[in-house]
Each structure stands twice: as C-alpha cells, then as structure tokens.
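Handing you a structure now.
First chain written, first letter: the chains are A, B and C, and each begins at residue 1.
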C-alpha cells in the first residue's frame, strides 16, 4: 500500500485487506491510548472536508494523533480558496505543499478520484457524494471479522436505506469477495439501485420481512433511514416503525449474532438495544481509529 | 480525581481543590512554555463545543498541548451528527472512541451531567447554559489564593450581573466553603436570584453603593453587564455608568487589593485600570492554563 | 529577530532577509517531512483569523508542526469574544496567556500593528486588509532567489491587479531594495495606486502590452484579477482575456524564465502552463512552509 491512494474499496486487494486487519489488531492498544506510538512523528495529515462530517474527521485525526503525527484541517469549505474560484486540482496541489497525506471528503461523486489524479501525495477518500467511503467499509469488514471470528461463513442482512446509503453499496460489493450469505431488507422506495444490484453475486436474497430471517442471521447491519427521503411524514413514520430494531427483535436473534450500524442512528435501533450483548455498533465505531491507523501507517511508512 | 468527571464545583472537594492548587503552582513554568512536559504524550482530549467559546476552548487546548497531548475538536455544532438527529448520549459515546478525556460546552443546563452519565471517559464541563463552569471557578479561587496569599480572611465584592452570571453563582457557592466576607453589588434588575441567595451563608451582605465598600475590599470581582439584559439602551447606559471601574475607583481601594474579571470585559473596567498594579484580570486569565493542566493531569494520570 | 514581531516587510532588514533565506535552505528537508525537527516541542502558536484564509493558515500551521510545535486556532470570528464586544487588544492579551507566538489575519489595515502593540508575545501579520502580508513577500523573494540563483540582476514583470493586490504592493517595495528591473502591466482600472507608485524607484516601467516584454523577462509574476472589481461582466471578460498566460505566452519567454503567482489563480494562468518547466507557482507555494519555519525558529529560539 506504500504511497498509494485509497479512493475506492476496489483499490484495496483482498490481500491488502488481510494485512490491514492484521495491523489493526496490532494497533488496538495504541488506539486505546494504552501504549504510545510515535512512528508518524513529524508527519502531517491534511483533512480537506468540503462537506461536514465530524465523526469521520475526528476518527481520522484521532488515528493520526495516536501515531504521533500532526493534523491540519480545512472544515469550512465556504471560507476556502474554493470560494475564490480555485479548482479542486489546485486546492489539492496547495495542500500537497503542506502535508504528507490528504484525507478528502466532498459532496460530489468522483471528487476524490480527481483529487488523487492531481495529488503528489497519497489521498484517502473519506466519502464523496453517493460514491465511495472505503475506510468505513474496511472498518465494517474488520468488525465482522473481529466480533465473529472470521468473515467467511456469516449470514449478513443489510437493512434500511439501501438506495441512498453509500456505506451499504461499498459493503455489499466488498462482502461479495467473501463466502457470505447476503440478505437485503428495505422499504420498496429505498431498495438497492439497479447499478449496484447488477454487480452483486447471484445468491443475494431480497427479503420483505426482517422478522422471517432474524433467527438465521449472524450479522444484522442496520442503516439510517432519512426522513428527507420521504414525501410525507406519515409514510416515513410507518416505514421507520417496521424497520426499527428493539429488544423483541434481539430476542429472536441468535445469542452470538451481532448488530452493526454505521452511525449516527436515529430511530432505527432503540436505546434499549444498546445494553444487549449483541449491540456492536459502538465497538464498530471505535474500530475506526485502529483501522485508520493501520491504513495510514501502511501508506506512509 | 483519577478517572473522575468534573461537572460541578460540588464534584470537587476542598481537599481536591488544595491538591489542584498545589499542582497548579508546579505547572506554572510548563504553562509559560519555559519547561517542557510530555506526560500526556499519546493522549487525546476531545473538545465538544455545542456553542462557541473561543477563550475557554483555547485555554483547554493550550493546557493539553503544554502537557504534550493532542486535541481533536468539534466547534461547528450545526455541522455535526447532532444535526442528523443524533442524541447527545450517542455523540459522547462516539467521541469516547476517539479520545481519553472529553471537554464539553453546551447551551443547555444539565447537558454536561447527562454526557458524563453516558461517557466511558472522564468529562469536564466547560459551561452548560446557566449551569456550571467549574474550571472557571477553580481558576478564580486559585487567582485569589496566589495573588492574595490565601483565600481565607479576604473581603470579596462581586459586582455587576449577579442574576445571569453563571460564573458568579459558582464562585459564591465555592467561596462559601472558606472564611471570607462576601459583598454583592448589582443593579436591582440583575440581583442574585433567590435559588442561589438561599444557599449563600448568612453573613453575605447586599450593598447598594460600591463606593461605600471600596476602601475595605481585598478582592473586587467585576462581571460583564450585557446590553441584551435591558429593555432600553438608556437604562443600560445609566447602569453601566454607575458600575464601571475607573482610576478613581482604584484610588479608593487598598494598595494590595486585586481586581478580577472573568473576561471578556466591555465597559465595566476602563482601559486606564489595566495599567494599575491592582488589575489582575489578565493574570487571572493566564492561570486558566496551569489550572486546567493540573486538573487534566490529576484525572488522566 | 529573536522576540520580534513581523508586521510589515519594513520590519525585516535586508540582513534579516539573508539570514531567513539561509535558514530556509536548511529547513527544506524538514519542511518536506524527510527529516524530523523537534525544536519547537512544547511551544504553542495561536492563529487568530478574523477573516478566513485557509491557505495561509494551513501553511503557518504546517510550519509549526514540522518544527515539533503545537497550534491553537481561532478561525470562526463571528463566534469569538469579539462578538461579545471585546477589543482586539483584549483578545490578543487573552491569546498571549495561551501561546508563545501569535499569527493574526484581519480584514482591517493596521490591525496587526495594533495587536503587536498590546501583545506580550511576538506577532506575525498574516495579512491585514489592504495592508501588509510580509511572509508572502518573503516567500516570493525566496522563490526568485532559489529558482533564479539570486535576486539581483533579474527583470521582473508584475502583471494583473496592481491596484488592490496587497501582495504586489509589498513585493514591489521589497524588490526595490535589490538591483532588479521592474515592469508593471495591468488594465488601466487596476493600475498601481499613487501612494505606492510614489515609493517605487525611478527605473520602474509601466508597460501596456505584456507580449512586448515577454522575451526579456526573467520573472513573470501574475496576480489574480477579481471579477468583483469590474462593473460589468463583459469588461472583466475582455480584460481577463488579454492578461491571461497560456502556452503561446510561455513559448515567447526565455527558457529559464520563471512564472510565479501567489495563488489561488482562476483564469490568469491556463492549466496547460502548469506542465511547462517555467511554471513555478506550486513550488513557490511549497516554499511557504520552510520560509515560515525559518521565521518562527528565528523569533522563538
């Protein structure tokens, strides 16, 4: 991975993934602040956020700091050179002069790929519109591997907004590399779009009723259903009700099944679920730091 | 204090205060950048500012940096996960995954206490609405102790907006632990509210005319009177005039009396006062860093 | 330079400039992250940006991090104490309590000078209205020296907005200290203002047609022409067309002539020019970090 940009999960081979997972295991005590790591001392990460994402930005910044490195940050797009008419290519070249690695978040799909074309330093895509968010996918895979022992052999249901959810699209395509059984559960208006559906393995099953498959699942991956996707509030209310996970849902699941969510969550998972052993979404979020530490150190070392 | 949250000054015992003061004395040369300290190397402070407060945020960040630690910061509440409907509990849990200690500022009273309930890491309240701002109180007490030799035995006047001033409420309750004489001086519309008045010791005196007590004071603590508190500008003008400290006021004070102010100040203290030996408000502000260094190191060590 | 503020390029003697250039040469491998430097460990730079300038702020922050130091930043002026009515003098004193050096950017000319008067710590002006931006001037001079071997003996054309361009004003006055031939090329409405013109050496030539002098130039310094300066779009279009540098312009220039621009650029230099050996504007931007490293280390050591 040395010197490479990571724009799409397709840029990361399955062998690379294995190496990232191995390194992430090693990074855990450093990510928790239990051990000190100074390998990135003197190195600078630039976080270029053309749209806000506090969670993702903080996770990357925490990773760089835990490695002993420094961070410079642009999180006010309206106030940047962009507002003076500068092209993305020029902004990236500028930031290249100030840093060793660039993390970019942009509202437009393809922006991160464009940035990586002009950048003389490695670029990590932290989400570009409806495009990719590869480090989220890597931490999702790592969570399954760590919490379930391995990725192969799991029955995974992806639930919620499969239409607009960038996270889910990447994850489905990445899971397709493994020997997993995939179930898709969503309201009809939020079904997986055709251009992704055409790339998923034949074995993927579209399921109407989540309850029917709950007892068989190893991994329940829930995503946020955004109110803005619905034309009227009543429709949203009825949908969110039937796709929401509560204690009753958990009671139907296997004891060692895990529940994941990319966060933030709103009503899709009830707070009562937080206290069950199956709830792994906060652990999943915490893996964001060691996964990004592993990635940064492989790219910059 | 190890591992403890500090939400209210009531969370800090008088013994803890003594230990904080002792440590603050030790921290002074490090706070001034004269000596280097790396005890917090590899540790991360998250500053979660749901309302802006540049002064408080910078003071905390400076403290963490002077200890060799790192900082990740959220200072754009409108752009955070909160705007996607995330609860404060979830935001705090997220930040727990990225940091070792959380500093929170919130417009709503009680928010810091709620955050500390869900947080797996220590939380420091950096001001919650009309609630508490304990580190301001600790640095106020430290300033009196350092500049006057000790806290006991002082005659302290609190002047200005005693009604809305969070800082003053905390300070009065904290001073009540010591053997001090307290005077309250404010325009009637900005008098101390009953719920605080009922908790102050019997000896506290409400004074109409500041000039009457100026010659007897050891500590003159002035607070900002906000124009917004008055229905018309003329009323504000007349009040600010009679509660404003100038050279004439200083000339009536004891030579070794000190003038404090939590800053920012507007018209309450004339610039001419800055050049008197009694003016201690900038020194007071500077103690914010070593006090917070002491607190952080006691909590995280 | 130890302990000194840098508000105007006039604060920096020609001997100081030579020392800054020498140090900048030394800083290059550290600025590139090839070598580690910890001389500023434990020191804190405060960046006070009362108007946004991502480029300048990131360049200063990168410089401080490359030296092993820390940064605290105020880049949300509307949310600062200023909005509560605090004076600039008080804001600077506050920041003095939290840092060892203050970098200030302000929309009003003279603000940095005022700040330096009240500051107990060195202040670097990072641009104040139509006033000065001395570190930009120093890096411009360094670029000429490094890319052309020396400053003396060059023929330098300054092209574009010579009226409002703060950068150009400072640079002209600084170049006047050296033995250079200066050409000024601008649309009439954007000509150099009289108060600067009266201070430039007699030999400076105002030129109507850039093409006439292109073959003679050693340094072509292009500045951004802002659309807002024109009352109608058509006038802007016609002007921008005749002052824009393309491959045809480059083909008329000497092989070893260099093209500079303070960036961001919009239409003044066509992207096709980026790939010529004469294009030095990205290199110029990259020198911002080692130049600022040299300056900070000379002031704080």
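Note that contacts are C-beta pairs under 8 Å (C-beta built on N, C-alpha and C of every residue); 3 or more make two chains touch, one makes a residue touch a chain.
In this text, all values refer to a predicted model and were calculated from it rather than measured experimentally.
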item: Set of chains whose contacts include both chain C and chain B; value: A
item: Magnitude of the superposing rotation for chain A and chain B (Cα, nearest 5°); value: 120
item: Length of the line joining the C-alpha centres of chain A and chain C, rounded to whole Å; value: 40
item: Two or more partner chains touched - positions in chain B; value: 76
item: Residues of chain B touching chain A in the complex; value: 41-44, 46, 70, 72, 74, 76, 79-81, 84-86, 89-91, 93-100
item: Chain C contact footprint on chain B (complex, rising order); value: 30, 33, 35-38, 52, 54-55, 58-59, 61-62, 65-66, 68, 75-76, 224, 263-266, 271, 282, 285-286, 288-289
